């Protein structure tokens, strides 16, 4: 269940499109089934990497509904960030009616001061209703909003419906430690912390107190492995599998190009039928494709799951 | 008609709300009628000052439809800026079906390079269709996107459906001169240029080549006067009426607070039944209200239209 | 004396250059003398409008020294904002040795959170020494750092050497009221508040509790008048003189172009021998010069000090 | 020699301080000697990572002079970015007099349009003199200035004294390819391209046409290896050594914390006597130190140069 005790891996869903640009529901089903099989504990749809703004309202709801139905017992978290509270409320109520586990809210880029950020979350909760569990998205690199640990503490304390932090600050290891320290000191109730940034620091984030990952790496099996191995106290093995994937994780984490790499690899793995993006999108050049193939080859030597890709 | 020859004053419509937060259609009718009476030549709805993001999709369309029906022969320009092209296309097609004169498109704040801006407008036109006349919104102070005259020239030249520039650069007098010079030199086809910034530079913008104003000052009669007097070559009189209003124009042009001032004055003038804003909004303090009242009193000595306000 | 009780008008000094680009010390003397004659109570040098970064270290010190010597009993505040604390300390200590009244410190544009801003000022004071009286420069429009009243309260409370706020937020009337309310409530010790933004809101800033103006309008006599008349309780007269100048104040307050207008008018008034700027700078076009002349003509009808300019 | 044919590795020099905060010239000598021994082909001082703004003018020159004298035949590139051209010129002329190989110039963060960037470099060259070879620093992540390949082409073409690009865009692989394609097509003269970002993409940057690296990783031996192996056509070996270091490269590339990690490792390696930074700086927590030690241990298994560190 989506809540303060959520752990494990929530893949960020890309939205599969056909080459013609329609939502590809067959690939969507395949992707959701696959996440269940490899040990994901939930999933996040309509995130920044999900090309959410390129869907119209009807498409957004249809995609969310398909994911929820297919996900079965796995909770589905839905990104509802919007330029205004009317649209946020409309989407949030609609997806909860359809069975979503909760919603994720990012701050608009114009926010600057501590009070502005805290007030924004209070107003957002007032708009969507305090009965909807929500996750804070803390992603300064893209959103240019900087939340201190104290600001996150205030948001969590002010809003009982806040159950999770998507931690995507960079660098952010000390922020995880600070929040967990607040909990130990008794000044903060516990929430789930799942981390982003394509998994680039997951090896240490789990050691600092993160409960898992919420990100979109094209081999989420690695994310699942790292979280599980760390939970079992098998630190060296966790780092071994992480390090094997790091060259590709790093390549996929390039701003702007990253989604193209991710969709390309998911197509190569047989999950997506097409790696098409809606506009504006970035296509991989021949040189970039060759680099990804080379990285996959090298990865296959250390992780057999990267070998003999069907696509 | 909305087009390359548009002149005069397009008030930016605030969206009237009741104290309870619903759209106030009676006030909307009154406002639109009033604009017709005082000599506006068109109007712009769902702009930044119109609290557009605070309306959900159905409300947006209902408001646009009401304005269009009431406006009669006056063209209605509709802001369709959106985080993604799917929503932009949906809104643009819908409002044109309902009888809008055209649409206005602002660049998203993330754009930086000349090519990024030019490409964005090409993709936007591809998304909404090249049959919809559109207006470029050039508003760096709020949008943080800086368009050189050459970039505007490229957008106009590349897209035959571009018929207007909403000029809201600051300072921007030289930009108007540069664009009109391009026209004289034959390197740019003519488009209409209407200016914003609350009218703060309208006295000189009209002398530099602007065709009028598209902005939201609560005494649009002054904007109409200035445009008319300048067109008639009565420069000193144009500046006289402008200067009389400048203390209030300046007060209303404060970022963030401006809309609260505008709605307050429109209520005092008997146009709006309420000056309510939806959240997030800024209310006027008692001190600010007293300042506005003092400015209105002083204005009344020089412009009788500010005397004996009913509200 | 520069301190918590400072009132009146501190003109922001432009740096006079000869047409050849050297510092023009004769014009400097003339300007400083003139400020004394018209009732300025201090002056600020090496501010943003003073082209400070275009001077090398030796030139900066020479200019400061000349101003201090000429200013006599009038205190000279020196801008010491710098990319690093070493340069800030060096300049601050040097100008205090030469007789400056205090220094002004702006936050670097990278600061975002409340704590970052408060920490920055603590480190700046540690760097320059807690014996140097300083003024906070709060100028979000240009610096993109947003300080809430609470943050300013913390800086003032943490640093006994903070004696003044240069208030240049926009809109900023409520901020002045909030700070003065803190004082009344006993949660903030008194500091002097002088306001900027070219004087665009001085008419009301003085009513909200500002002690005067620190800005660079080319007719500082008007600033002096407004502050004096408001102090004498002659509100309407204060607004009358303010309103007479507002068309030019507004024109001069254009970002980027403003300094060119200011130097042009100061040359026309016979204060500066040349309106040259060092690169990068903006020159006035013929159209802009004609606009300024027209504004001066119109101003002369209401304020005789604008008539018969010698330059 | 520093010029259009420069290849290899230019370490970005941190500025060594004693625990008391003075420049540590002994450590400086040791560091410079060591770079010569491990195969660096030059070095860059007073860069962003070099805490340049924390040095006063005399210190900056003393540090540059010490590096140049010790570097012998290795060219020293000096960062001269400054808020104004007067300081830039002063520093540039002074360091060239002392024997620097050239200077590096970053654009100020306020630049937005293509023309603004091109004009800035023209004015900078006019200020420092066209006889000083310079390197463009293209670092959008920190500087927020986005240069397209066409803009870089214009700067190189307009300014014969431009001999190098420090490429630090992210993602930036396609930018290298685009620039090299311009050369092949004959629309751009050749300049040296050295890459930054802590080396995070060096494995592929060298394949795209980069001539080497200019960055500050604490094991520059790896950078030297990758450049050499790629030049010899030993691609797999280049990637092997790169991948072995990637976990630490990634850790060191965290914004803000990175310099603390780098100085810590350089101290552990016996190069620096202290890892002190001047304020504002970030210290490593105990948790972070333990993470770095763990990464060093793991690295030592794959690269013996990381074993048995003396510090």
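For clarity, chains are labelled A, B, C and D in written order, and residue numbers in each chain start from 1.
Here is the rule we use: a residue touches a chain if its C-beta (ideal position, glycine included) is under 8 Å from a C-beta of that chain, and two chains touch if they have at least 3 such contacts.
Everything numeric here is computed off the predicted structure, so don't read it as measured data.
> Counting a repeat as over half of the contact pairs in common, which of C-D, B-C or B-D repeats A-D?
B-C
> Could you work out which chain's C-alpha centre is the most distant one from the centre of subunit A?
Max centre-to-centre separation from subunit A belongs to C.
> Using mean CA coordinates as chain centres, what's the gap between subunit A and subunit C in Å?
It comes to 48 Å between the two C-alpha centres.
> Using mean C-alpha positions as chain centres, tell me how far subunit A is from subunit B in Å, no decimals.
Roughly 39 Å, centre to centre.
> What are the residue numbers in subunit A that touch two or more other chains?
Nothing qualifies.
> Please give the residue numbers of subunit D that touch subunit B in the complex, ascending.
Those in contact with subunit B are residues 112-116, 146-148, 150-151.
> Using the touch definition up top, name the residues of subunit D that touch subunit C in the complex.
Touching subunit C: residues 51-57, 59, 82-87, 89-90, 109, 119-120, 123, 126-127, 278-280 of subunit D.
> Considering only the defined contacts, which subunit A positions touch subunit D in the complex?
These residues of subunit A touch subunit D: 170-171, 173-174, 177, 200-201, 203-204, 207-208, 239, 242-243, 246-247, 250-251, 254-257, 285, 287-288, 291, 294, 298.
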